[in-house]
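Below are two complexes that have chain A in common, paired first with chain B and then with chain C.
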Partner chain A sequence: MKKINSTLLLILMFLGGALIINFVMSGFSVSPGSLLWMKPGRFDGLISPYYYSILIILGINIILSVSLALLNGFTGLFTMGHAGFMAIGAYTSASVVTFLLPNAPFVIQLFCGSLAAGAFSALVGFFIGTSCLRLNGDYLGMVTLGFGEIIRIVLLNIDAVGGARGMTDIPVYMNLGSVFLLTIITILVIKRIRDGRLGRAMLAIKENEMAANMMGINPLSIKVRAFVISSFIAGVAGSFFAHSEGYLSTQTFTFTKSFEVIAMNVVGGLGSLSGAIVGAGILTVLPEGLRKLQDLTGIDIRMIIYALTMVLIMILRPQGLMGNKEWKWLSSK
Partner chain B sequence: MLGSFVGLYFIRYGIPNAEPSFLTAIMVIIVAMAGSALIGVIIEKFAYRPLRKSPRINILITAIGVSLLLEYGGQLVFGASPQFFPDILPRKNIDLGGNIILDSNQITIFVISFVLMQLLQFMVFKTQFGRAMRAISHSLETANLIGINVNKVIFITFIIGSSLAGAAGVLYGVAYPKIDPLLGVLPGLKAFIAAVLGGIGNITGAVIGALILGLSETYVAGYISSTYRDALAFVILILVLLLRPAGLLGSKKIEKV
Partner chain C sequence: MAFLEVENMSLEFGGVKACQNVNFSLEPGILYGLIGPNGAGKSTIFNVLTGIYAPTRGDVRLGGESLVGKKPFEIAQKGIGRTFQNIRLFKELTVLENVMTSFYSSSHTTLADMVFQTKKFSSEEDEIRVKSLELLDVMGIKDLSDVPAGGLPYGKQRKLEIARALGLNPKLLLLDEPAAGLNPAETRELTNLIRDIQKARNITVLLIEHDMGLVMNICEKIYVLVQGQLVCEGVADVIQNDKRVIEAYLGVD
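Let's turn to the complex of A and B:
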């Protein structure tokens, strides 16, 4: 009873936080629309649009990083195609909203879009998961990278979603409060999965697959479940991305995006949920802080940062910044 | 990537007025191989040696990190825009009758890669050093136990590997005279795919894998759509790994507990 109460309290607290953020950001308006899902462009000069968009991208990156932590960190499946799932989610949601439900109220649009994005992405994740199960280590990484690229190239060749021109005119629905709330919910969901039966089975498989099998865990079924859950969340993150940018291009979802998410996990510490969050925070904020340097050199300096941090962390602190430690509100005790 | 840029800068500053000839080409290739080998050795020393005892996944992550660092660091050093790679070989067309016209460069590239391949085959399968190398690939600890200097062998392997990649870089520049720091990304992935297709650890297999991959890519680009060309390589990789994980010529390894 006490346990349920504390989780409920936490969720209510963050819900309240989200409401307050939206209340302030919408210029103290009390209409339900602006409190729950504020349309953008209404923020009242409190935060400059630049910081606003960084915060939204930070939230989406945390969701992605945490969903990859489920695969890479907890189950020990090294996948390099996370951008593919995100792309599926983003394009599915954008298509559902613009083609299927163009006139529905935006809450329904967003709900159906995200759900369809997650479901379709999970379906593809199920297919990839079942077909890649015999592989491990480098081979699994290469095959998932291949799948990610195939997804991208197929999307590039579908003319209905813009092809190489990119998809434009996607309605923009995400705001700071909703991204904040959804990020927290995702983190809590992943924490619950990790602490439950499924999560323990995942950790057992990561430590020693054969021993886990001996203990009565079916590694194949657990791995497929990890794939499905992770791709579902990545798809939903893609949908949020689509509805916060308003524009999609296949160039966003190349394998460098997958490496970006992997780097977040590696920097924070593989196997630590707090680490995935810390890594996402560092690798989102650091390139923005160094933007002056980027303007000076005129090239995309983000990739150098990602690569350098990955190599340095592996040499100097292979367990990542957080190691196996968790923050108190995310620890399993 | 490094190979073609080392070659380019050597042509530009080392031998500015060289006529295109076989001698120039060989000189450029040797310099490019030396340059890449040097950088390969530095990377081995600083990035891979500290990780010799780490789990495979850490080494994989480092490998990805290093290649991204080289490619995007290359953009920082050489600039992101493509540069022109000058002719280092006399170029003429050979008419084979019908509609088939061969570029003499294509033949030269084929011959040079064939020679390098034979050298590699000899080194890996016929020399004492190659035997040590294969022993390490089998089991690092056991190789160490029977008196192989693991660090030295891996060091030399890095020299061979990166100098061959450097030679490939120059040949790439000869074939497609427009080079930029990101030119190696897809060929690198495809090299891996070709190796998997033929069977890891089998040089003949790698060559056959590369031939199949290259031909099928050209056919897909020609008959279906050129945008699907890069997807095909990954489709082949996935099919091979699912249907015949050991590769076309590979032998199945039994995993013992």
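Let's turn to the complex of A and C:
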């Protein structure tokens, strides 16, 4: 009982944190809208709308990055189709909210939308997982890359969700507080999975599949579970993305997005949860931060520096910035 | 009453006959040795017993139940633990985590238990941790429990592999060259350890070994495999004086 209470306490604590963030960000407004779901209208709080939206993207990228870490870093399944799962989640949630529940209260819309997004994405993840699990290494990467693109092209050709025009008028519900809350919860969920017997089995399979077999671990079932959990979370991240932007285009979910998420994992350190977070932070903030430099110098050197930074990190710290290390609050001890 | 029976087992890879009509049976609670020259098919027999290879012909039964066609992890869950000739540890995991991994199939926490860290989760984790530390204590490497397994010296890696196999609580423990690469002192220590564990837990052990001192010293019964065929079985004295065994190891005039 004590343990459940401490989990509840933790969630309440973060909920409090989220409310405080929203309170400050909305310029100390106490209306329920600004505290719970609306993006602040007047940014006389702390920061400009531009930085505000970067922080929201940062949260979503962290969720994506840690969900990929579960597949890529912990289970050792190299997949390149994460953007596909995110796309499924984004479009599913947007469709559920706009077509099925247009008049429901926002809590129900967001809850049902995210849940449907996660569930549908997990279902697709289950099918992709079961059908490619005899593949290893680069081959699995290739096939998942293909699946990711198939998902995108299918969405591009469904006229009901806007097709090539993109999907517009999606209700915007995510503000900084709620993204913060959901990011922290996702990180904790993944940490706890890693520290349980399932996580140990995943790591064992990554390290030595044959030996894992001899420990009575069924590698196929663990890999499918990793796929399902990871695609569920990626789907939910897609849903948050849809409801923070209010607009969806299939162009967002090309394989470059998948590679971006992989790069976050690699830069931070494959196999480290803290690394996935650090990587997401760097690869989200760096390209935006460099805009200032571009404004100052008047030369378009943003992408050059961005690319150089990545190359340098790979040369100087091939194991990633965090390597195998974890921050204390994320370590298993 | 034999609890593991291998009956007319043959394994062929194309034209290569790795095992031919191998027949043997193991009684509970006895320490067996399996010896033979290089390439005789000793490790292949281990791979058949653990389900990595399916025999071309014949049958393998554990407690009367056929193991042919079972997946390796299913056979492991039925109580056959093994170590490998070329050590296969989970190198990045700590020593303790390596052993804890082997409790996977005997634990029952669900995903929800893990996510909400319920009482069931923490009590089961504690139990697994205590049991794992006990096993490490038996093998004499408890003080290294937080070290990554890949960083252990070779001899200790061998011990860790045995500790990990014991975590399955096996009825039959297969040790593939446990003393390979160890110095004489380490070999003596490991020999005693294997015998003590086998007696204390009353399990059946089948070990492959090239160190004849070790084999003759602790094995109660020895099988000799030459070119995929069992040529001789018996106690150490019988084996040492068997013509075919001498022929296989030393050649003939």
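In this text, the second predicted complex is superposed on the first by the 286 of 333 C-alpha atoms of A that agree within 3 Å, B and C clash if a C-alpha of one lies under 4 Å from a C-alpha of the other, contacts with A are read in each partner's own complex, and residues count from 1 in each chain.
Just so we're on the same page, contacts are C-beta pairs under 8 Å (C-beta built on N, C-alpha and C of every residue); 3 or more make two chains touch, one makes a residue touch a chain.
Predicted model, so just to flag it, every value in this text is computed and none were measured.
Visitor: Mind working out whether A:160 is in touch with chain B, chain C, both or neither, as first, second, both or neither?
Guide: After superposition on chain A, A:160 lies in contact with neither partner.
Visitor: Does the superposition put A:197 against chain B (first), chain C (second), both, or neither?
Guide: second
Visitor: Report for A:259: first if it touches chain B alone, second if chain C alone, otherwise both or neither.
Guide: first
Visitor: Return the chain, chain B or chain C, that is in touch with more residues of chain A.
Guide: B
Visitor: Per the contact definition in the header, classify A:210: touching chain B only (first), chain C only (second), both, or neither.
Guide: Touch partners of A:210: chain B and chain C.
Visitor: One more residue to check, A:189. First (chain B), second (chain C), both or neither?
Guide: Only chain C; A:189 stays clear of chain B.
Visitor: Shared contact residues on chain A, chain B side and chain C side combined as an intersection?
Guide: 210
Visitor: Quick one: which bits of chain B touch chain A in the complex? Just the residue numbers, please.
Guide: Chain B residues touching chain A: 46-47, 50-51, 54, 56-58, 60-62, 64-69, 71-73, 75-76, 79-80, 189, 192-193, 196, 225, 227-228, 230-231, 233-235, 237-238, 241-242, 245, 257.
Visitor: Would you pull the chain A residues touching chain C in the complex into a rising list?
Guide: Counting only chain A, the residues touching chain C are 1-4, 6-7, 189, 192-193, 195-201, 203-204, 207-208, 210-219, 229, 271, 324.
Visitor: In the complex of these two chains, what residues of chain C are touching chain A?
Guide: 50, 52, 71-73, 76-77, 81-82, 84, 88-93, 97, 100-107, 109, 111, 113-119, 121-122, 125, 128, 164-165, 167-168
Visitor: Hey, which residues of chain A end up touching chain B in the complex?
Guide: Listed in rising order, the residues of chain A that touch chain B are 76, 78, 80, 131-132, 134-135, 137-139, 141-143, 145-147, 149-150, 153-154, 156-157, 210, 256, 259, 262-263, 266, 270, 297-301, 303-304, 306-308, 310-311, 314-315, 318.
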